[in-house]
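Consider the two complexes below, in which chain A is the common component and chain B and chain C are the respective partners.
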Partner chain A sequence: MQTLVQLIVMVFGICTLVFFLIRLIPGDPATAMLGDYATPQAIAALRADLGLDQPLLVQYGRFLGHAVTGDLGASVVTGQPALDQILDSLPASAALALSGLAIAVLLGVPLGIVTARRAGSWTDTLVMIGGLLGISFPVFWLGLVSVLLLAHEIHLFPALGAASSDDLLDQLQHLALPALVLGVSTAAYIARLTRSAMLEALMQEHIRVARAMGVPERRVVYHLALRNAMIPILAIIGVTFALSLGSAILVEAVFSRPGLGSTILKGILARDYQLVQAGVLVLALAVVVVNSLIDVAYLAVDPRLRRA
Partner chain B sequence: MIARRDVARLLGLGAAAAALGTSSAARAAPTGTMRVRIASDIGNLDPARIFQIENQTVAGNIYNGLVKYDQATNKIVPDLATGYEISEGGKVYTFTLRPGVTWHKNYGEFTADDVRFSIERVKNPATNSAYSGQLTSIQSVEAPDKLTVRIMLSRPDPGILQKLTAFNQGWMVSRRALEAIGEQRYPLQPVGTGPFSFERWTPGSEVRLRANPTYFEGAPKVDTLVFRLIRDETAAAIALQNGEIDVFYALQQPEVITQLKAAKGITILQRAANHTNNLVLNMTVKPLDDIRVRQAIAYGINRQAILDGFFKGTRAFGYSVLTPSFPEYTEDVPKYPYDPDKAKALLKAAGADGFSLDLYGVAANPYDKLTVPIASDLNGVGIKANIKILERGAYLQARSKGDIPTCVTGVVGPPDPDSPLITLFAKQSFPPGLNTAHYTGIEDLLAKLGDTQAADARLAIYHEILAKTMTDLPAIPIYAENLFLAHGPNVEGLVQNSLFTVQLYSTSLKA
Partner chain C sequence: MLDVATQPSPVTLDRDAPILEIRRLRTEVPTSHDPIVLLDDVSLQVHAGRMLAVVGESGSGKSMTFLSALGIAPPPCRVAAGSVLFEGKDLTRFSPEELRRLRGAGISMVFQDPLTALNPVFTIGQQMVEVIRAHRAIGRRAAWAHATDMLARVQIPDPPGRMHAYPHQLSGGMRQRVLIAMAIALDPRVLIADEPTTALDVTVQAQILELLDGLRRETGMGLVLITHDLGLVARYADQVAVMYGGRVVEAAAAGPLFATPRHPYTRALFRSIPRLDAALEEDLPTIPGHPPNIAELPPGCAFAPRCWLRGARADCETERPPLVAVGEAGHRSACLHWPDMAHAA
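The block that comes next holds the complex of A and B.
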């Protein structure tokens, strides 16, 4: 019940914030749409048609009234329901975010564990320098370099990150390179975080006791330490996934992929208020859902939380 | 009542059309998928509200007009009309329509009523068409029978044919289709009479068109057109070289053009575009109201160096706002060769040396970067130039207000001389329109143009207008745009037009 109330308050807050923030940007949909052929009459007529001539609070009330019924309005550019357009771009974003995250976890967590176990060794230093580079290089740069290298020089992957057919294999082939780029760049974060969480866990009293009692090292690391370190690791995984749903926009731009981030950006540039509102709302809901799932996962890895 | 017969001028194409109609059966069935890069997503394919070259490119393959521009020569030739007659006094245009033309998706036969509907719809204020101003001289449209359209003008307007040519408001829509689909959903469910019909839009990814097997000039040669959204030019160039796309039109970056020119199997086509990019000077702000200051700016910008260095020789010199793609083009206008000393002297004479000037531009290629060499040249003659690049929405708002001192802009449009001239220089285009110069110097010449029917007399007036604008300098043409189109080894028969679009009806794919 408490979660539900929290959710409602949050969604309401986000709706309000987005509604007013987008209207703070200079420029309005009517001038953006009429462009070079604008006349004062045409601008006034279009503004009236879009309801932009009404006081802001009236517009806000109208927006909230419709939003409650699930109607987020129609895009001013295309005339199509804004929510439909956003939901259409969600699968592509989810596919990229999920596959990117899978690569990041498969790469980052083991590297983090290995380096924590051999803290101070050559392996540790090398991996951590690699990780630092991964964090430091912007993802669009990694994307461009990988296109030049893996799509242009060696024809390993297609240069375009979105398939033109419904064929699953074709789609996976196009997804591979963007997912790899997104995955590698987030793997660096996950590796560094896993390492420090593991280091902390390995220094705990009970680990020392377990080692002194002769518990096998494998069991110490993977059963006793890792389970304790899992909480912060899960948290960063959740945040990473939610972020990459909307912020994979640079990867989407480099690889010409559709997605939530690109759709919202398109909305912002065209002052397509409805599209931006629907996009940010969906994104916020996705973050909430993912965080709830992570909460459930906490319970699974840490029995202590179940009692609380 | 009808005095002058222009049917002959249209080469009696009715008969030719009939012949073409029968030849469609002999043409091979459309095959293959042609993939064309678009730089930004489409959003609205309704001719009354269409804007942006991506929308116009897709729409150009779906719709027809009464008449159209010949892709190669820009001459106005028959399209849905087989001919037209102009009444004495030039106030009534009577079009004869091509028989047996059908709308896509079983919306029935194309008739004179559709023409009336299309024109009235653009003029109707409720449509919110950006192009209603283009058709102001049209008073009413009559459809006496299925294949005859009579357009009545409130005043003689020899330029009206250009406005009814297949582009933007000139594209014809179906009354039945619009009524069935509805205004709300029509922008992405367009219905035309053209060589391709709309199939599907995948937002953020691609647009698919399918060959119209019953097209009145015969079925197209390719079966499917896919317009793929690839924002980045470098990525598009790689995709073209990898064979992931076939056609890459409206190339902009000199580096990409040079790279593709050297690439194996890639053909580059080039022709003059219909616009120049200009530094528009607001003649109502001090000291730009002084002609000597505007002349100083013109002399002070090294335009040849911009062509050589900034554009690496890919663009052409701009003599006025018209380019060689217009029949009205002339180079016989006042010229301002780079002369920094003369510029300094003029500024001094005007008492304006050392004044500060804001250069406004939109944050889009090439306007954003182009302001840099301009500012640097102006600083060289003692004008403190500040670069103000704004994001598109903010830029349009600033420009609409009309108080910006300068802006770097061009009018991308059809090869209709009125398009740049009226849009940039007529009083009717004062802000929020594009005449941010607030220029009023050619109003009498424009009025004279409206009263003149004879082609050579009109040409002389256009030349006079160009000379006048280059004397008064409401805008300084920085360069004339060139269009570049690259295509892969399998593409045949592609004719590049002078618009920023690509027409794929004549194109085929090698097996």
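The block that comes next holds the complex of A and C.
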């Protein structure tokens, strides 16, 4: 119940923020649609048509009123419902973000554990420098380099676009490179955090006790300590999901993949308020939903959070 | 419930041969220059069915002695010399895997703070089964049943229910009982209790000590009580070793040690125990100065700078006193001038 109230308040806040932020961007849809040679009369007419001549608060009230019924307005460019357009481009982005996150977790968590066990060793130093590079290089740069190396030079993967058919293999091939780029760049965060969470967990008194009681080192690290470290690791996975959604937009741009990112970007360029509002709202909801799932996962990992 | 105090008398014991004997143990922290010596020339004996109390201030090396002996001194500490004999074998020659198999099974430990010594994200049962199955090739179900029996043995009410509890659902005293159950689950020959009651309130302290003492009598295991509580020592211990600055400064049977301490440090410790019959206006005697910094021990007797007996004796500052036999059988002291204690105040 409490979570539900939190959710509603958050979604309301996000709607409000998105509504006002996009209107802070200079330029308006009418001017953008009619082009450089439009007459002031034509622009004024279109603005009235779109309801843009009304005071901002009136526009906001209308937007909220429609939003609660699930109506986020029609795109001013295509005339289609904005939400439908966004939901159409969602699956491609979701596939990219989730596979990127999966790669990041599968790569980052084991690397973090291994480096924590050998803290201060050469392996540790090398992996941590690699991780720092991964965080430091922007994801679009990693994308461009990987296109050059893995697609252009050695033809391992198709460079651009999405699959043109429903063939699963074809789709996976097109997904592989963008997902890898996204995964590697976020794996760096997860590896670093896992390392420090494991170091912290391994220093606990109960780990010392387990060792003193003769529990084998492998069980101590991968079972007893890891379960404790899972709490901060889950937290960073939640944060990373939001991050990788944002990065997914950049990655889509680099690889010319259709998806939420390119749809929202088009909307911003055209000052298509409705489309952008719908897009950002869906993205924000995705982050909220994933983080709520993480909260549930906390309960599974940490008995202290459960009610007695 | 099992009342250990009324159990018939203990297993017959060979009272002379120690089951665990630490001989001239030396533990160091290597540095780029001279190593820092944490323990030097520490010798102790643990006998079956008896309680050895190891007494001393914080940092005197009480815990470090046993952590070193079991190969779990925190790195970079390392055993540099000496031997640790358990059932005729030298533990300092054991491989890490051999030591692991010994820890928790042949020699077990109970720690100071039961609040942090249990893993917060596993149930009591899961943690006990983990330890049992680390040493015995038995199934989960058999290990679970054995763990439940052990909880009953340390007088925890409703053992099957408690097996499913998480540590935060139990009181401090209950958690210490769980840790004791875990420590004795594999029938250790020696149980080392490292300040097991320091973190508990007074009424619970007595219960825990009674429990440990009962288990000792019942199983005939050797019990080591690491403590700075001399009241507990006087009440329970058979043998006492007093440590100061990483060395044993006095060792004796409990009776003679309390009656006639043969080291100035031991006597100072006894005097600093609060007494109910002391006049209210009298200040509690304290030992002047501070415990020594283990990295900068004086070349002679480590206690010399704080010693009330010392006067103007130059040899205390130049000569490190060896632990030698004094008076009664088995009573040993590391004071060059112990005979003078009888005359001094």
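Keep this in mind: the second predicted complex is superposed on the first by the 303 of 308 C-alpha atoms of A that agree within 3 Å, B and C clash if a C-alpha of one lies under 4 Å from a C-alpha of the other, contacts with A are read in each partner's own complex, and residues count from 1 in each chain.
FYI, contacts are C-beta pairs under 8 Å (C-beta built on N, C-alpha and C of every residue); 3 or more make two chains touch, one makes a residue touch a chain.
No experiment lies behind these values; they were computed from the predicted model shown.
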item: When chain B and chain C are modelled together on chain A, clash or fit; value: fit
item: Partner chain(s) touched by A:Leu269 [first = chain B, second = chain C, both, neither]; value: first
item: Touched partner set for A:Arg118, first chain B, second chain C, both or neither; value: neither
item: Touched partner set for A:Ser89, first chain B, second chain C, both or neither; value: first
item: Partner chain(s) touched by A:His66 [first = chain B, second = chain C, both, neither]; value: neither
item: Partner chain(s) touched by A:Leu34 [first = chain B, second = chain C, both, neither]; value: first
item: Dominant toucher of chain A (residue count), chain B or chain C; value: B
item: For chain A as apex, the angle formed with chain B and chain C - C-alpha centres, to the nearest 10 degrees; value: 160
item: Closest Cα approach, chain C to chain B, once both complexes are overlaid on chain A (Å); value: 46
item: In the complex with chain C, residue positions of chain A that touch it; value: 204-217, 219, 223-224, 227-228, 231, 301-304, 308
item: Chain B residues within the chain A interface of the complex; value: 35, 40-41, 43-44, 49, 51, 125, 128, 130-134, 183-188, 202-206, 226, 228-232, 234-235, 238-239, 241-242, 244-245, 391-398, 400, 411, 423, 428, 432-434
item: Residue numbers on chain A that touch chain B, as the complex places them; value: 25-28, 31-43, 45-46, 49, 74-75, 77-80, 85, 88-89, 92, 144, 147-148, 151-152, 155, 158-160, 162, 164, 252-259, 262-263, 266, 269-271
item: Chain C residues touching chain A - in the complex, by the definition given at the top; value: 70, 72, 100-105, 108-109, 111, 113, 116-123, 130-131, 134-135, 166, 168-169, 179, 182-183
